[in-house]
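In the two assemblies presented below, subunit A is common to both, partnered first by subunit B and then by subunit C.
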Partner chain A sequence: MNSGVIAAYILKEFKELLRSRMIAIVYILPTMIIILFGYGIRMEVTHARTLIIDNDRSKISQDLTVRFQNSKYFDTKVVTGITLKEALESIKRAKTDILIIIPDRFEKELLKREKPEIAVFVDGAFPVRASTMENYVKGVIFDAASTILKEKPKNLVTINNRNLFNQPMRDEDAIVPGLIGLILLVAPAILSALLIVKEKEEGTIFNFYSSAVSRGEFILAKIVPVFILHSINIFILFLWATWLFEVPFRGSFTLYWLSSELYILTSIGIGLLVSVITRSQIVAIVLTIIITIIPGFLYSGMLMPISSMSGESKIEAHIYPVMYYNHIIYDTFLIGQGLDSPKNRLYLVILLFYALFMLLLGSRLVKKETG
Partner chain B sequence: MKIFLALITKELIGFFRSWGLVAVVLYSFTLDIYIAGAGIEMQAKNISVGYVDETGGGMSQKILSRLHMPEFQKPVMFNSREALSRSIYNRETMVGIIFESDFEKNLQKYKRAEINLLLDSISATQSFQALQYLQNILLEYADLKYPVKLKIHKLFNPNATTSQFMAMAEMLSVITLLGVILTAAVFVREKENGTWEIMLLTPVNPKLIILAKSFSQVIIVMAGVVMATGIVLFGAFDVPINGSLFAFFLLSFFYAFTSAGIGLFVAAVSKSMLQVAQLSILIMMPLIFLSGAWTPIHAMHPLLQDLSLISPLRYYIEGSESIFFRGTSFVDLWSYFAGVILLGSVLYFYGFRKIGRLF
Partner chain C sequence: MADLELKKITVTHKRVVAIKDASLRAQEGEIVGFIGADGAGKSSLMHAVAGVASFEGEVVFKGRTFRSPKEAEPLKPLIGLMPQGIGLVLYKNLTVDEHLTFFTKIRNIPESPSLREYRQRLLEMAGLSPFTDRPAGKLSGGMKQKLSLICTLIHRPKLLILDEPTTGVDPLSRLELWDILDEIRKSEGTIALVSTAYMEEAAKMDRVYLFDSGEIIASGTASELLEKVAEYSYEPTPCTTRRCITTMDYTYSIDPLDAPRKTPTLEALFFINALREGQQIPHIEISDRENKIAVPPVVMEAKGLTKRFGDFVADDHIDMQLRGGEILGLLGANGAGKTTFIKMLLGLYPIDEGELTLLGKPIKSAKERRELKASIGYVSQQFSLYKDMTVRENLHYFASMHALDIGKAQERISRYAKELGFEKYMDELPSDLPLGINQRFSVAAALLHEPVVLFLDEPTSGVDAIARSQFWQMITLLKKKWGISILITTHYMSEAEYCDRIVLLKEGKKVADDSVENLYKKFPKAKSFEEIFLHYYEDRI
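Entry: the complex of A and B
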């Protein structure tokens, strides 16, 4: 290897990247994703638009509706004298989330212990929201019902729960660290995916074929600028997470930084591999987007904890690098065991080998006549 | 018209000649949607449970036997609290239950007892749901005789399967992605190769070339939509169709034009495919996330709610959801059609002008 040649080649690649005006996008894209997703994804349900048709208008039914009105989970409107059809139409038009119908003679039947029936309709278009809303409604109604319960319950078991790691159950804490794992997988991969296939499509790759530059030097020159540019994002994203989204950081920053650098290398390796096996830029772009975004979500543990997976998805999760990185990231942000935990040490080593393997595989596949 | 058709045929032949591209497009419209639908699960399911039982068994085991699939995995026994807590810290167990030694005694003597729960609440929603499941199980166990009955109906998606919804949302994202990138690529590739000039030397109106080129990509996308709807949505996920299928295809057609319009704009401002890639993602990400596919619009930050009004994907997704799940009638869909067509024609016209000005 000739260090002078490498330096010159790296400089050339750097200049080309800067000239393509894409430097701004290298920094805009990650920031935009973290802000959009961080503010945009809301899993917890508050202010569900609730319509209560109170056909009874008795003291007990009003007690019940007041409980809904006083809860931050519901924006309640109590109406009388609209038909079921009109009310259902309002759900159909996505104007109402929950419809609760209290029957007439509700109080009378209740006092006579005839078990009156309350009908509840929930908009099921968003399944997670639907079951959360269902549970809220159950909670309010059963809670109200238990206050007028006559007999003492037997076998009542209550839960004394301690929420670990994300005590207030904030959505931001749950999502933002996972987003870093998604961004650092997608963004460097896309940038590096085009590097070689671009030269193939334009024919400039023959400059490399016919020059004395070796395969290793070529790859090094290609990845160093991307690596340096995206390394800065590790710090930018950290700032957004802790300062803008106020996610606590309980672990070691060194571990965060080190594992992120390895992860960026892995991502560049994926892009490199795509770049080597494809023949046109458009295919390389679409392929990279497809193989990074969906797995980046699926196996991040952001939506579903890895421990809840089974069968194929568990195996697939272990094949992609996201899982290993995200385990460490969530640890550094929320848990804080750091390198004391053998699992974190193991995953860090796996990341290292993953990065080396991807880069090696990519560079092995670059064709170059050696003479 | 004849020239128009010839131009479209040329583009389609060009598309099929690049087998890599054909393969990627096929993959996106089938397997990619399938994987997203089958894999993304936001409901808490198959939750891992560990427990430490300091009583002699009995009541505690009866309660544990009520935790079963699909909500919970089989509870795993740990010998000490330390072991349980270590497993939770390593994120191998999500819910840890501790039965203290006086649990059974309390239950028999006072008819009430308490269990200690350690909950990994990193995935906030899932943890919250796990807690709700547990509470319901314990309430059932207590066998309270409530004086009311509750009948809950879930409308439109009674089994509340995330997979149907996710598959649909992913299909709409794929349409956006390919609509934008394919269209932009068709133009930028000619720019990069310098074949644009040759096209312009032919005695064909440049406007017709732009129209035909973008239309050919709309055809490819629409073919993908028909395929994905038939094979993946209906075939693999049994998505219900409560409204008119024709209305959905019509809406998709208008939407495909909208995304082609964005593609034209991207093509006009980029010089290379690298720029196309990054710009498309930069434009598409907000589009997809402001569309309400992940979070209902009315639950978003107020500023984002306002911004979402200018996302054509929002109208498309709400419209498609209404057609598939809610079964809204054709007439009531007018607002979604109006939204897509209005934003679409503005975007398409703007893109058309912008790229037309280059020549």
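Entry: the complex of A and C
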């Protein structure tokens, strides 16, 4: 290893990145992903367009409709004298999300303990959204029932629900840390693959082939710039998460930073492997995106917790490094157990091995000859 | 003992043998030439010797032997390789100066006064000292090649391997490259292996090796090689036997011919070898065009045509006329503005200043130009073929672009394929074919709509001698049978002599516009057109 050779190569990489303006992509892409996905993925439902047909017009029914009207989750319109057919047509035309029909004699039956029925129709085009809306409606009705009927039914259990770690149930808190795991898997891999494949495509790779520059020197010279540039992204992404999306940070910053660096190295290793098998930059980009974005998204724990996966998907989740990194990241943001948790310690070691393995494999396979 | 010895080298690419059992010897200070068609195995052998490709056999250099790229590693400080392709090893965003520094550093050469002196000497030899701050991407083709060469020389290699360093380079830059090479081998005792498509260059080398389909089939000094073919070379005469071929300037025949002999050039090697092997060199024909039209006396007239890129003037007030039924050769060094001029004619670049009249119509708007598209054929430097489509599919695609009736297209495509001799390649991909075939079918694509004028931008660069000779037969036949006008750029000065008239550009300005005969009259001392060209470019010779 000759430091002068490596330094000359690294200097060249930086000059090229700056002059070709590729540097912009290094910093714009991660920020773009976190902003697009951070605002774009929404699990909770607010302002569901709700149509209430109050056929009773009693005190209790009005009390119930007011509760809907006062909730941020519903945009409520109370109507009378509309047929069921017309109301359902309004759901069909996607003008209404929820239809609630309060029968006449509702108050009377309720006071007589006759178990009146309220009809609720929910637009089920998006099942997840539909079940969320359904639960909201149930919640409002049960809540109303328990306050309006001062004497509580004997067998009614009150659930004192408290969501740990994400008490306000904010989507940002659940998604943004996972996005960091996605971005830091995709972006360094693309850049490291490009830095080598670009030389292959343009022919400058011959300078490495035909000189005494060793494989180790060449690979190090390609890894170091990507590592340095993306290390800065660790901090930028942290700022976006805590400042723009106001995600709390309860754990150790050192742990966040250290595991992110190891994770970047893993990603660079993936890029090296891609550069071994591709010859053109466009193929390298597409291939890297396919093998990083899909697992980075599916097994990030953003959409579905790994612990609730089973069979093949569970095995796949354990193969990709995303799971281990995201476990640590979610801990540092939302929980804060840090290295006290044996699982975090284990996962950190796994990340370390992952990084070493990928880099070693990648650099073993890079050849110093044509063909 | 020889300083460099290659013993039975075989290189295989994906189970296809690229070069088989190649052996050669060279002494210190010698220039060894490799000639042969593309795909003959020259590059593969060079890659093997440079230690960048796996091979069988062994290379002995300076008493040390290697059999694989790995074993070659300790010798790499002594070897310099410049692979094929203009400016291939250059980083387009790095300046001339940064390149030299980068190559010095990766070759691990310590700073020293002698290095600085050597570096300055290289810059001056290459004529690049005024341009040290210019990014490589903004250099002309000739300058790129000179920069590549001095970057390859910065570590004073004892074995220099240059793969077609002069292909696509103008005559002046070629001479300069050659001067650098000649001086270095004398002062440093470097062995140089150089492949070339220019036979004038091969004639200057100490030994020449002729490659053909993966084998070295002849070797010797240029005069030894010429002696072997002299008896088969005649003044152009119609062929009577099968083992005979007539080109623009010669007739080559294995069987004795009743015609005066003519002193051959090294190009004769290719033809005679092909004849000996019984290769079928397709005979080029052109039948009359289907739609007869009257070609106007002046096809294109440019008045003060100017193109600027920022503060760089690529074409500076150029007046030019292309007459009906003439072949006009547009010559000039790399970066003189030839391609830019053709692109202005085609409307690929907007015209900054000046007037252009095509086929009698002044061109002002894109609409006027669109109406003329049906009368113009164009073949670009890179041939613009679709690599993932077969020759047939490419041709059908171009036919439908010109809205040609399918039946008519089918008929024309098969006729051209037959006449231009690429019939048997119709269902292959362009990337698997020799350059010469791609070139002919590119021209066929430009002829499908039977244009009145044809613009050809460096159609012969990198194409082998036989294909070039067939190309010129095709062009002259087109002129004779179709009466169309052809504007062509080339770096082969011998080809300039086949043109009716020559326009010479220099740094964006027109410096000569005359017929070949008149130019010879103007420079009575010139032995070849190359000398005339150089006269305009510099006061050398």
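One rule holds for everything that comes next: the second predicted complex is superposed on the first by the 293 of 371 C-alpha atoms of A that agree within 3 Å, B and C clash if a C-alpha of one lies under 4 Å from a C-alpha of the other, contacts with A are read in each partner's own complex, and residues count from 1 in each chain.
Here, a residue touches a chain if its C-beta (ideal position, glycine included) is under 8 Å from a C-beta of that chain, and two chains touch if they have at least 3 such contacts.
The shown structure was predicted, so the numbers you read here are calculated from the model rather than taken from an experiment.
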Touching partner for A:9 - first (subunit B), second (subunit C), both, neither: second
First (subunit B), second (subunit C), both or neither touched by A:301: first
Partner chain in contact with A:81 - subunit B first, subunit C second, else both or neither: neither
Subunit B versus subunit C as contact partner of A:110, first or second or both or neither: first
First, second, both or neither for A:190, with subunit B first and subunit C second: first
Chain touching more of subunit A, residue-wise (subunit B, subunit C): B
Contacts of A:204 with subunit B and subunit C, given as first, second, both or neither: second
Doubly contacted subunit A residues - partners subunit C and subunit B: 20, 202
List of subunit A residues in touch with subunit C within their complex: 2, 4-5, 7-9, 11-12, 15-16, 19-20, 202-204, 206-207, 209-213, 368-371
Residues on subunit C engaged by subunit A in the complex (per definition of touch): 13-14, 47, 50-54, 69, 73-74, 76-77, 79-81, 83, 85, 88-91, 93-94, 98, 101-103, 105-108, 135, 155
For the subunit B and subunit A complex, residues of the former touching the latter: 18, 20-21, 24-25, 27-28, 32, 35-36, 39-48, 59, 63, 73, 88-94, 107, 111-129, 131-132, 134-136, 138-139, 141-158, 160-162, 165, 170, 177-178, 181-182, 185, 189, 192, 271-282, 285-286, 289-290, 294-296, 298-301, 304, 318, 321-322, 325-328, 332
Complex contacts: residues of subunit A adjacent to subunit B: 20-22, 25, 28-29, 32-33, 36-37, 39-47, 49, 88, 91-94, 110, 113, 115-132, 134-135, 137-138, 141-142, 145-146, 148-167, 169-171, 173-174, 190-191, 194, 198, 201-202, 278-283, 285-287, 289-290, 294, 297-298, 301-310, 313, 327, 330, 334-335, 337, 341, 343
